[in-house]
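Structures given as structure tokens follow.
After this come two complexes, each holding chain A, first together with chain B and then together with chain C.
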Partner chain A sequence: MGAEFVALSLPPLLIGILAAVTCALPGNFLLLRRQALIGDAISHVVLPGIVIAFLLTGTIATLPMLLGAAGAALLAVVLIEGVRRTARIEAGAAMGVVFTSLFAAGVLLLEQSDTSGVHLDVEHALYGNLESLIWLDATGWASLVDPVALAGLPSELPRMALALLIVCLALWLMWRPLAIATFDEGFAATLGLPVRAIGLGLVMLAALAAVAAFDAVGSIIVIAMFICPPASARMMTDRLGAQVGWSVAFAILSAVLGYVAAGYGPLWLGFENSVSAAGMIATVSGLILGVTMLAGPRRHPAGLARKG
Partner chain B sequence: MIWQALTLQLGYNATLVALGATLLGIAAGVTGSFLFLRKRALVSDAVSHATLPGIGLAFIVMVAMGGDGRFLPGLLLGAALSSGLGLLLIAWMMRRTRLSEDAAIGAVLSVFFGAGIVLLTVIQSMNAGRQAGLDTVLLGSTAGMLQSDALVIAAGGAVVLLLVLLLRRPMLVVGFDPDYAAVSGTNVGRIDLAMMGLVMAVTVLGITTVGLILIVALLIIPPVTARLWTDHALRMVALAGVVGGLSAYVGAAVSATAPALPTGPIIVLASFVLFALSMILAPARGGLALIRRQMRFRRRVHRRQGLLALAVGQTIHEPFTLALLRREGLARADGVPTDAGRAAAAKALLDEARWAALRADPAHGLSASRYDALTRIETVLTPDQIAELDRHLPRPRGVS
Partner chain C sequence: MVAIKDVNPVQAAPRNEGVQAPPPALSVAGLTVAYGEKPAVFSVDMTVAQGTMTAIVGPNGAGKSTLLKAVLGLVKPLSGEVRLFGLALSRARDRIAYVPQRASVDWDFPARVIDVVLMGLHRELGLLRRVRPEHLDRARACLARVGMQDFATRQIGQLSGGQQQRVFLARALVQQADLYLLDEPFAGVDAATEKAIIGVLKELQAEGRSIVAVHHDLSTVRAYFDHLFLINTRAIAAGPVADVFTGENLQRAYGGRLGEAQLAGGTLTG
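Right, the complex of A and B next:
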């Protein structure tokens, strides 16, 4: 637990935690609004967005990637709504049509373009490169207060922190109208709240979280964190505030346990190589969900009597 | 090259693969139709992602037993087992916990896929031979597909089609009205299970060709495309089969021409092209039809309002209305009505007066609810009723 930990494990661990919490926060509302799969759709369409941004700029700089991904997310939301209304079909099918097509287009573009010089491929998009986000300038715990060494932190860390800050701020500002619109849209509309704008705002917030987290940790964590921690929190409480609190705790727990299990678990079991941290974090969040579904105090469906 | 591929002239192996993919596409379109009618299209997303840990485990087990890790039937068995487990978990979560279906789907999808990724990295670090080949389950590839693999896929697709043929009636009833199906003695749970089993079979068969991330597209896009063209359920199912088969055929053939053209994405994009064309061209639900309907409605409103304006001697300033009336020979360029225009205007005014009388009479509540300022009263009332109505009307004025 010394210099090596600070340099190799602390940054990816922190980035994992930040990404998990950033996604879990808007996930609470998506879950309650039965839009949980929006996160799934968004994280798929991010791929064509960053590929097109790469083809246009020729670099994998952060800003164009983020803009491309956000543009793709917005396009996907508009397309899903357009297909749903024009063809008059259920939202799930419209979503399935749009995100698979966009993802396929992204894969094809990626395979057709020359990305051999940069780190951009489908596997990276799916499960990120959390383990490689190391801090080479760190020499020990003292580096945390050393401005020179801090400048060498992986850029994903401050970016993820900024995304979390924006998500927290937006939720804090929107809290009351968002909560009312989430639980009773009709009532919110009679109060004069802009329910459509609130819904769109939430989706954009989710897109922001997905896009920021996607680059650091890949889409698999994004989907898992949108759904599993909030779903676990649902098993624990009936109060919205408490649910959000629980989901943050579960998200942090998943990130820490998952990262440790992926990095050190195989070594403890006698294997030489570590396994995918992103995959392990998703798996751990699923295990937590499993435990809460079996033992959480508020796990029962609304119709069933609570026997204990 | 592409033409040769489409006409199956790239050799025996490529032909076999293209035919196998086509059969798979038909099976996927047909099976997906029932899933779509049941409004559970995205369940297939969870099914497909949930195959990954099973594939990984099957690979590890087969290598541990000293065999070839890429033995296709073994991998498919593992895929079926883990996606089956995922389906059972979704059903359990929806019944036993307060989570809704979308949350259950998302949770199973992400967690199973995450676990699968963990297993893939385990396989990468195993010393037992090259791990190459397992990556293709993500995005699919027909390059290097063995003849025996193509035969397994074709045979599986044929079996699925046969089962759908046998189960089409109960699956349709359950899809349209599960309550009615239950009341009339159908075991809804068992039919749903069978449907999910078929979806799972298609998914598992499609993994090698389309890849597990995109196989869901082959289950969703063809049914949605077919739905745009028809309101008849079995016709939709058949059409979805055609769309799916055509997309898979084109995709497999085109991707055989170049190594940098992965099969899965091409198949998906081919089906998307068919979908996009249908969105524009389909009768009733397509974009063009929508625009045509709207223009027709606009014309009717303008014509009616124009005639009513003529009837009371107002000048028409709206250029579109005036142009419309001129084209039909009802008015002159300066807005003065022709004889035909005067007659039509008088008729419109009379219609309006009759409607007013009708709506004032509570006994005609149901007929009166059809008033939209466009519908002619002759389409709502019988001649006798109109005559009765007219007896209470004030004498109609002539139009000057």
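Right, the complex of A and C next:
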């Protein structure tokens, strides 16, 4: 493994790992709050957001895309809360209504607008373009300490790293209030904790993770990583801190195994072409969940099934 | 609805507290709470003197839990005022502790018994202070008080209902509050747990603390509590158990839903 690996495989692999971990971290708390679907919702509503941003600016430059996605995520969160309160239905149903409607609206918008000249389509939204995030300036491992070459890294890498940093910092700061409010919201409120702001903060954190990861890896990975690594981790331990640790390990494992399997697996099996790395990473995370559900030491998944 | 003036008038919150007289642990004036259009609690006044142990009793759907939640700021009242030790809720938080209904949380949450008890120390610890050995000692002492010292490292989902209820009480004990507000602390617990909980509550009262509990078992009202607050959306009657726990008042609180047999069984005749 040398120059070719550093230029072609290292950046997408790192971005995949960063995206997986960034989504898995808030996913732990979403799962325990039975809000795991919110990741699904956010990653879908990102589509109309970026289409509208494209229609307004006429480019697919990063900043307007991210702003459009963030705006759509915010709108979705507000709509979900609004539907839940006015229609008095459960959160899952409210999310389902809002994100399918907005995603459908995004597909219609995309069809009606002239995006033929740019790389903007539903497939891109679903699968991302992980394999195309290559590092042309790299000539080998030495490039990792070469400032000139480093400047040519795909911009998704530092952006994803920044998103992960923000998520880690926020979770570290909110850890105890978030844990208390997640377990027992009423009790948390009597302690004077701002439980609604905490809940909203968590959703905003999830939106940040989804929007940052979406552009690089597509919504398939985002949806899978919000749910699968935390749910697998819940099978391994009965302690919150350990669960979050396991979820990070499973997210990294999914990203590495998935990327390698997508790139080389089909060749090993005698097929000619590689398959989508995003799809394979999500599939691997699902397989890991399956294994932990069958063999994990704590097989009573929060948010998936309940005993007694 | 019968007017409440005739018998055992509900005490109004004192308007003018003397400098020397301690303020009531809890005073509620004109409290109305509604979910949707129908009020769950209507125009309720309530006073709990310090050092007393009060049962809030009434039929299902009478607004017992809602009243407690409104006092704690968990539901927003349409109108009315709540004072705790003469203070607004936001200034009295360090003096109150809440024991929610056991069924209100998901016990599959990844936490050990000691983790749940330590949650009661959050106001002392704040955002970033670490849990130190003395905090652990205090949490363990509170577990011992409810007879759960051997379960500190047990996953909470593995406990029986009664054990879970005791953990909730231990979490409130570690808060070292002056007023304990409990929502159905004896619901669905075993006899040993019931005995342990009432023992601890009586100890708290002996220390001069005040207790208010939503309670549903008429047969134990006399034995467990010294004050009774009867509610059916409106306040029906309030005062010392000996005065308020009468067949007439219960009939008015429960209406036709309380059979003669229940009234007789409720130690009314004894």
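In this text, the second predicted complex is superposed on the first by the 299 of 308 C-alpha atoms of A that agree within 3 Å, B and C clash if a C-alpha of one lies under 4 Å from a C-alpha of the other, contacts with A are read in each partner's own complex, and residues count from 1 in each chain.
Here, a contact is a pair of C-beta atoms (placed from the backbone, for glycine too) under 8 Å apart; a residue touches a chain by one contact, two chains touch by 3 or more.
Predicted model only: the values in this text are computed from it and were never measured.
S.K.: Count the residues of chain A touched by chain B and by chain C, then name the partner with the higher count.
M.R.: Of chain B and chain C, B contacts more residues of chain A.
S.K.: Where does A:55 make contact in the superposed view: on chain B (first), on chain C (second), on both, or on neither?
M.R.: neither
S.K.: Once chain A of both complexes is superposed, is A:176 in touch with chain B (first), chain C (second), both, or neither?
M.R.: Second partner only, chain C.
S.K.: Contact-wise, after the overlay, does A:234 reach chain B, chain C, both or neither (first, second, both, neither)?
M.R.: The answer is both, since A:234 touches chain B and chain C.
S.K.: In the overlay, answer first, second, both or neither for which of chain B and chain C A:134 touches.
M.R.: neither
S.K.: After lining up the shared chain so the two structures overlap, which partner does A:104 touch, if you call chain B first and chain C second: first, second, both or neither?
M.R.: Touch status of A:104: first partner only.
S.K.: Just to be sure I read the superposition right, which of the two partners does A:189 touch: chain B = first, chain C = second, or both, or neither?
M.R.: In the superposed model, A:189 contacts chain C only, not chain B.
S.K.: In the superposed arrangement, what residues of chain A touch both chain B and chain C?
M.R.: 234, 300, 302.
S.K.: Inside the complex, what are the residues of chain B that reach chain A?
M.R.: Checking each residue of chain B against chain A gives 36, 39-42, 44-45, 93, 95-100, 102-103, 105-107, 109-118, 120-122, 124-125, 135, 138-139, 213-214, 216-217, 220-221, 223-224, 227-228, 260-262, 264-266, 268-269, 272, 275, 279, 285, 287, 290.
S.K.: Show which residues of chain C lie in contact with chain A when the two form their complex.
M.R.: Those in contact with chain A are residues 69, 72-74, 90, 93, 96-98, 100, 104-106, 108-112, 115-116, 119, 122-123, 125, 127-128, 155, 157, 171.
S.K.: Touching residues of chain A toward chain B in the complex: what are they?
M.R.: That would be residues 31, 34-37, 39-40, 83, 86-90, 92-97, 100-101, 103-105, 107-108, 111-112, 122-123, 126-127, 220-221, 223-224, 226-228, 231, 234-235, 262, 266, 271-276, 278-283, 285-286, 289, 293, 298-302 of chain A.
S.K.: Per the contact definition, I'd like the list of chain A residues that touch chain C in the complex.
M.R.: Residue list for chain A touching chain C: 32, 173, 176-177, 179-180, 182-184, 186-187, 189-193, 234, 237-240, 242-243, 300, 302, 306-307.
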